[in-house]
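Handing you a structure now.
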């Protein structure tokens, strides 16, 4: 394809992806409220639209029209920049995530992915690691002790768990010597002995890695049980205590976008991406993988919410101890074992 | 062409960040401008084909080291640095020195390296090859650096551990 | 197509900025960041040279530099914290007991 | 081939003794110390006897190389030992007399402090002396030479708490240095011209050279310098001054070192290098003149001395003078002969004197003695023999050797002979004077019971509280213990018969001693055939003309007569009417005073050398160079350093950024340099 078509296609893909992602974020919020409500034996949002399906829209409107107040004594430039940083980096990582094989329109083969770089995974890691800045700066710039503590906790916690996160992924990378997410997914096609899908999670003891990744990811996204940075009971609302209206919404979006990214990465790396039974007419053949993929993501999100509804919060020292003294060694052990497996197989 | 444009763009960003680092009087701004420098440097690396280096640059430098800096700045709640006589003197000598030095070095470099050019991704430093080199030709340095890192961790723990926990050490 | 020398000049400028920052900054942390800036400049020159001579060793070197920089950052920041604990300041001009 | 005699053992044994005593003696009981000392010196003596017994089977000179010592370019010096008739004689004398004196010392020093120290030194001296005697090259000889100097220094200053003793030790050492200086220069000359110091090589190098008649040459220079060294060691004019003072040391030391052995080292050295002297008539003349003057000079001083040991000391000097006369006239064997006999009777004299002093409790002034004849008979009789021997009364040992020397001296020049003769007369006079004053007349000493207090040796402070094994503690003049008497007797016998091995042909003897030494002085003398009649005639064992015998007999008679004359004079003055001497002394007046004060030589030296030297050192070396140059340099540099650092110190402001600035500046300089280099 020539440059112009490439640009056009890319723009379209980007816009589409962004739209889908933001909608997904909105409806993840709705889903969470609903599920938690049911877990807590409530109804959750019901008023707006059927099953409160329009609730996210209402929330969005509310956020838009709320007064955007900036408390005094904040360090303004960063106070304003922080939420943008957070949301930008949260949304960026979607760029390298493939959601399925390519679709063919006319004679134009369009991979269902904004761009396929051969170090996609690294880019995701880098971007998410940059996401820390949003939180930290927000906490610091809003010049309030709750925020500061929240920001400190957030940055410390994210740095700490990032190591375990990265290490847990290395096993998979060793199994499929590539950083390209597409390659990784393709490597998982097929089955063992005909009936077990050839997913990495069943592959060379990557189940542990999967567990580590999930835990670390929860910490990275500041979700219960690791939501110390915004622990309501002690820090009011942590790093975004001083934020309101759209800025607050940005943090909100960033968090859920991160959740989705994490879910996507997990399913790509461990659960065989979009692989699944494919049948029917060509268009359906093209779109079924996407459906499988979205299904997995939905499953992850559901687990997220489920966990939130069930588990209590850690204490901060417990969090750190868990991260450094349990997860990290475990990840290293998994790394060594996997290396041995790979070496033996080679 | 695009190559040159991108290079100039991010090069300018680099220089802007660096200069900003100098002129900003609040450490956190300096830190953020340094992050900018590092990010754009990563892009430059990509242009040179060192993709893995670029990724690591972002993850390690921007994502870890600079976060540490920001963390410390937040922890110590460092404020703006005040002007002093010494600083003015330093300005007086430092700025022109920097200018002269950079101009001289730049001229010299241009002079020396002539007009040899590189195309985008001239030397693809794919993770595979990099890793292969790292674990074959550079195994010993690699291990040594690992030991160095270990020592650094210990040192950091000892230094930053709270005073009353190592009271005796301070007395001695 | 970009001349190698451009990259080198860029790295030189970064390095010079780092030196200047080291000279004119008063805040220990800023000075430390200036050092990081210098390191980055050097890294760029490494990569550029690697491209020039078609030798990946240059990029390998960058990794070592990064590792060392990380270690240095850890220790250095720890030192800064210790200094702050004892001296209650981050201004290097006031931390000047190391003399006759 | 000649058997290996392990000559090296002979010097090393005493060294071991010295080491043992010196290192551990402090802890030993006295018996053990004495045992060690006697054991090792005795062993050395026994070995020497063994060597002597097997000597006939050796091809002389017999050289044994122990190890290579120095190898520098062509020059090489070994630890090698050289045995020929000459060194054999010296060996026997040194070990024998040394052993006897060791025995004697045990008794004499028994209640002294530092007993072990004494014997350690004594053994050390034996070691060095034997090294000197047995050395096969000048360098090793020089080591021994210096070593005996050291030992004598240590022993003279044995009672170092006594200022006079310490001073005497220093004096001896320094005066010896002067002589050694000459010796060293001689050695350097030899090295320069012959590239070696081994005796045989040097002599072979010299052998072809003719005699340096008339104008002085290399050999003359070497000879004269060697003579300077010899003068230092053997107390000849002008370097004799240390010997009388050396009497501060314990008497056995005086006997061993300053009478029997060490002081004769010079004679030995001259005799050893006779090859050189035979070819350097001028040097010979110097030797002869020095010897003659010394002999007379010292003898005259001896007349007036009242300290018994001083008298003996001066007599030693004059006897050494005799030996040098002999060397000077080329009668080396005669010199060695006299050396041997002198070792016997002078050692005996000293020991006997020591016994006397011991008996009267440390009194050394003859005027405090007298009438000891009956109280200490053994000492008296042995001393008598010794006195007769030195006085040259036949048939005592001294007669033969001295007569030999006089005869040879006459053959060289009647002047030597006449002075020698007069000296002989003087010698016998002052010896008999000593004899009479000590043993005859009434006892003039202080109350006998209280001689502990009047301990002139002045070492009461060092006396150890052990009860004396013999009756020294409880008053009364008494004979010395057997330990001291036995050596006396042995030496007495030796000094009686010692001379008979060298009865000259004139007296119907056949001078076996000279025959025995013949090879040494012949083998090489042949090279210098005829440059001096006396030598060939003397050395040549060939038939001496009857006329020669006749004249020799006459001269013998004259010398005997001189000796008797001295005896009679002494008898007159100091036995018949003891008041006369004072009157004569008064009559002589100034001359007497001069002689009494040893011709004011010490004062002269003090005025000439010592004072200027001290003044010069103080002014130039001390204040001038040391303080104003060396110290000043140090101080100024230190001050400069302080100034500089004071100014530079401010660079170290402790301000981090200033340091950074310096670093940056340095880097800038380096970069600039590199750019400059690159652009060129």
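Lettered A, B, C and D in written order, each chain numbered from 1.
We adopt the following convention: contacts are C-beta pairs under 8 Å (C-beta built on N, C-alpha and C of every residue); 3 or more make two chains touch, one makes a residue touch a chain.
Since this is a predicted model, take the numbers as computed values, not measurements.
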- Between B-C and B-D, more C-beta pairs in contact link B-C
- Point out which chain occupies the most central position, where each centre is the mean of Cα atoms. C
- Note on the structure: Whole-Å distance, C-alpha centre of chain B to that of chain C, is 5
- Message: Roughly how far is chain A from chain C, centre to centre by C-alpha average, rounded to an integer in Å?
- Response: 33
- Inter-chain centre distance, chain A versus chain D - centres from mean C-alpha coordinates, in Å: 110
- Message: Please tell me the distance, in whole Å, between the geometric centres of chain B and chain D computed from their C-alpha atoms.
- Response: 88
- Item | chain D: positions in contact with at least two other chains | 655, 657, 661, 664
- Query: For chain A, what residues touch not just one other chain but two or more?
  - Reply: none
- Two or more other chains are touched by the chain B residues 52, 56, 64, 68, 73, 75, 86, 90, 93, 97, 101, 105, 112
- Per the touch criterion, the pairs are A-B, B-C, B-D, C-D
- Query: Which positions of chain B touch chain C when the two form their complex?
  - Reply: 3-4, 7, 11, 14-15, 18-19, 21-22, 27, 30-31, 34, 37-38, 41, 44-45, 47-50, 52-53, 56-57, 60-61, 64-65, 68-69, 72-73, 75-76, 78, 81-82, 84, 86-87, 90-91, 93-95, 97-99, 101-102, 105-106, 109-110, 112-119, 122-123, 125, 129-130, 133-134, 137-138, 141, 145, 148-149, 151-153, 155-160, 163
- Note on the structure: Counting only contacts in the complex, chain A reaches chain B at residues 75, 78, 117-119, 122-123, 125-127, 129-130, 132-133, 136-137, 139-140, 148, 151-152, 155-156, 158-159, 162, 166, 177, 179
- Item | Residue ranges of chain D in contact with chain B within the complex | 655, 657-658, 661, 664, 668, 671, 675, 678
- Item | Residue numbers on chain B that touch chain A, as the complex places them | 28, 32, 35, 51-52, 55-56, 58-59, 62-64, 67-68, 70-71, 73-75, 77, 126-128
- Item | Interfacial residue positions of chain B with respect to chain D in the complex | 86, 90, 93, 97, 101, 104-105, 108, 112
